[in-house]
């Protein structure tokens, strides 16, 4: 008892002692070129060979360099590889490595030199199914014999299409010609690892900052989960002249999204997302308005899926839905009735149009000699018109009613689940329910919104076919429009468009599938390939298999970084790097951003042309 | 005394054993995804079975239980699967417990001092202004959900006193408000208890006798009533102190303190079965151990306790 | 008996004293009569407390209002999204005014209607859990206290369940069973009866062997009468207290579960998720009303139930009846 009392007294004294002096705030002693942020999602691992989650490989991007990198206009640049060439049949890629790049430990001590074998060791680790790498499928989709090795059909790693020809020469052999292979090299499954270190650390590899090696721009000095992460510039980095930010301090905060704007105003951090709920307040306030700017939209694409393989509960009438969803006029009535701007207001109350997409593939993803992919072929028509058209919607409704009379039951029950994880989605579901029912009439469609918990959402809803109408998204895996057709292949589990009735062709496949296959087969004439993909996408949208909705990203932020200085690429880890970025005196405002964006787009067009 | 303690110890161990076994069996009902991490989707049925067998989850239940107890006895809680893959659970806890302990103990000290003083003041000024104010405070704290008043405290008090909104290990001013907020609930509980006890006790014969003997009010209060009042409190002290390591979910997430509070919620949401199991075990054991220590402490302090007969619910 | 003054003892002794008295039922009743009625006394003690009486009125008014609110004129639908007439877009974050008394939320739903709809949801949870607590708690408590053979096993079960923190059980169950209204009620019911059962059991153990009960038993009073006249009044106060407290407690747990992300979806308004929605906006001065209004309504409800419970428990305690 006495001890307990003594302990309490000591604690009390400690507490009262604490309240005395007030220390200077971080802002007063701030060092130049230090970048401070708060975050709410803690990483679970730094093992970049395993993870597929963005916030984890975003950090790894600063620690480990890739074979190539992208500059701020999205033009491929040498990085760990200084030069590369591809054989005439497009199957063998040979890359020459930069000499003298060092692996260092978390204390900055030199460990070894980076050699070609490091890439082979990493691939061997990824393709070992025991290691449960989540990016293995991307690696084995292109590299020769990799899938067989992963499935243990072959056990000799020598047969897999990756070789260290000598200390500085690396050779990839591909399964089939892949025009976009270079872009894939910036993804985590093509990262290097030091084989000796990997086998020494074993299971512990990547569990914290001491169990990985660094060859990139930064070293992780401290990693205290749920407290902070501290990054310092790597003194031995081969390209350290282009690293201006010397320190990056990331502080954990569970309520980061709510509190970051306030912390930024108090000068405690340098970056804050301004959530849609707060943006009104910032735009109305003269000083705050000067600090907030829009974000660029990203390359995730959001669309509304109509399910062709409904497997939901009987009470929501899946059979009836199956009848109506196979009617083109019914689909088109929904297609033209969905007011995407009203829906977007739940996420982007200011300037909702900037995120709205009329196609599956976002703008600026790939281009053909300076013409954007979304303006190619028949796709241009859709890109340039808004799908929301209440007059057309009602016309198609009448047609659908006439055609389905006696065959289907009206109002059609439309089961629309949503993920309760975020408020935006819940709000959007309610908005869409009322908007569609108001426009098309509650005697035509009856939207049933169905809240589902975030855990296992995709597994229970989308993959199980447990929906009629659902907001889905997809992110690109490599820089080619083919990546945006992946969700709609028969072996994927988005909305099973191959089951749509009335599209069968002679070979037993649906029209859309045949169009995509034709485009995929074209690997040499890039122009033709892109146009074929564009036509297939146009057809897919025209038949209203899905309703394109929006691009990811967007929103608003207050940031002391210049977004136009950062590396730019739609796919891979390049855009997560801090290379070339400087801390500005004060955050950019919206006008500066708009001006900067126009400038950047012009310069980018020139850079892309020059790179050809 | 020793005999009683040993008997209570044996009893606690039996309860502990039952709880651990029940929890262990309950945890087998947890969704099996929780043993795979993010790789679950990519594996086929045979691979999943192989991994589960490898982890010993396909052994007969009594073997699983035996293995579990074996590793538990050497202090091995297992490794995390999703929260921080392959990191031993003990290591995760090691970084988190000190924060919860610090705030928890500070809050206990504050609330003991504030609560007992408030209770005494209220009892002495029964039905006057202090008593009414105190009752108002107690009612408010007990009735309104903590999440609500914590939120408003954080919102307005930081504003008025220019305190930092968030906890920062190197800024001591940021330690004050979380500790005080955390003590509010138990302050009310102590005050309520103290007041009721004092009021009851003031009417008892020994107090009347003491007063008749001419003892001063203050002496009666301190020497007689307070000491008697403290004895039952001693019973709950060990549990209170032990429970501080579990932290406060609200306070720790509101002020961003990297303690134990949010850990259970985090790992449940991410389905990290091994960590969930470890935490549930720890929390339930704390209760049993605290209760045992409390009973022993009580027996030491209170001669009135009958060591021969003991039973029934507490 | 003897009427008239007895002057001399021997004078007073006469035949009449040795006659049998007629049994007069009415007379017999009057001797044992007291106009004590348990419930009337409870009521009298209760209304003497002015604050309590005010609270009772407030609470009844609140309950009635919550129930009939949707049927009153000029009320809005809690889930309907209101559009701005000018832009034909959602009337977002509209400040409180004559049309929208508590303003609108971020997609243009009426906060006033949502708060009352949320109150209905939360009260429903509270009352369901409270009733369950009363029924199951009293039943188990009575068995526990009365049947000596059951004392040991129930005590062990109680010790095990009581030692796992309630929040852990709540979180685990809601998690395993997926969040929904019924899950939430179920999870709260699983642990809810513990406290009640223990109270009832302890009271029964204490009271059943009291002298006056033994006396009643000796006098041949039927068991039913002992329970209803001697035991129940003691229990009623405790049962009422715990029932009244179950409602604020259930609301508290609901707020808690919502806070950690296991609450009801926002399309079903409840006090918990209204507060949680408001919390996201608390750093924005001009939108703080979306947190403050639900918080005030919630506080009024929980405080009035809590106080009512305590005051009523005091009033229902026969020891406080004069």
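The chains carry the letters A, B and C, assigned in the order they are written, with residues numbered from 1 in each.
Just so it is clear, a contact is a pair of C-beta atoms (placed from the backbone, for glycine too) under 8 Å apart; a residue touches a chain by one contact, two chains touch by 3 or more.
This is a predicted model, so every value here is computed, not measured.
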Graph class of chain-chain contacts, one of line, ring, star, complete, other: complete
Chain whose Cα centroid lies at the greatest distance from that of chain A: C
Distance from chain C to chain B - Cα centre to Cα centre, in angstrom: 26
Centre-of-Cα separation between chain B and chain A, whole angstrom: 42
Inter-centroid spacing, chain C versus chain A (mean Cα positions, whole Å): 51
Residues of chain A touching at least two other chains: 259, 262, 455
Shared interface positions of chain C, touching two or more other chains: 175, 261, 279, 282
Sites on chain B at which at least two other chains make contact: 269
Sites on chain B touched by chain C in the complex: 15, 18-19, 22-23, 26, 29-31, 139-140, 142-148, 151-152, 155, 246, 249-250, 264-265, 268-269, 276, 279-280, 283-284, 287-288, 291, 311-313
Residue ranges of chain A in contact with chain B within the complex: 1, 4, 7-8, 11-12, 15, 18-23, 25, 44-45, 47, 50-53, 129, 132, 134, 136-137, 203-204, 207-208, 224-227, 251-255, 259, 262-263, 455-456, 459
Interfacial residue positions of chain C with respect to chain A in the complex: 79-81, 89-90, 92-93, 106-107, 109, 175, 178-179, 261-262, 264-268, 277, 279-287
Chain A partner contacts - residues on chain B that touch it in the complex: 33, 36-39, 41-43, 47, 82-87, 92, 95-96, 102, 105-106, 108-110, 112-113, 165-166, 168-173, 175-176, 179, 234, 237, 241, 253-254, 256, 258, 262, 269, 271, 297
Touch list for chain C against partner chain B, complex: 144, 151, 155-156, 158-160, 162-165, 167-168, 171-172, 175-176, 198, 201-202, 205, 248, 251-252, 255-256, 259-261, 275, 279, 282, 291, 295, 298-299, 302-303, 305-307, 310
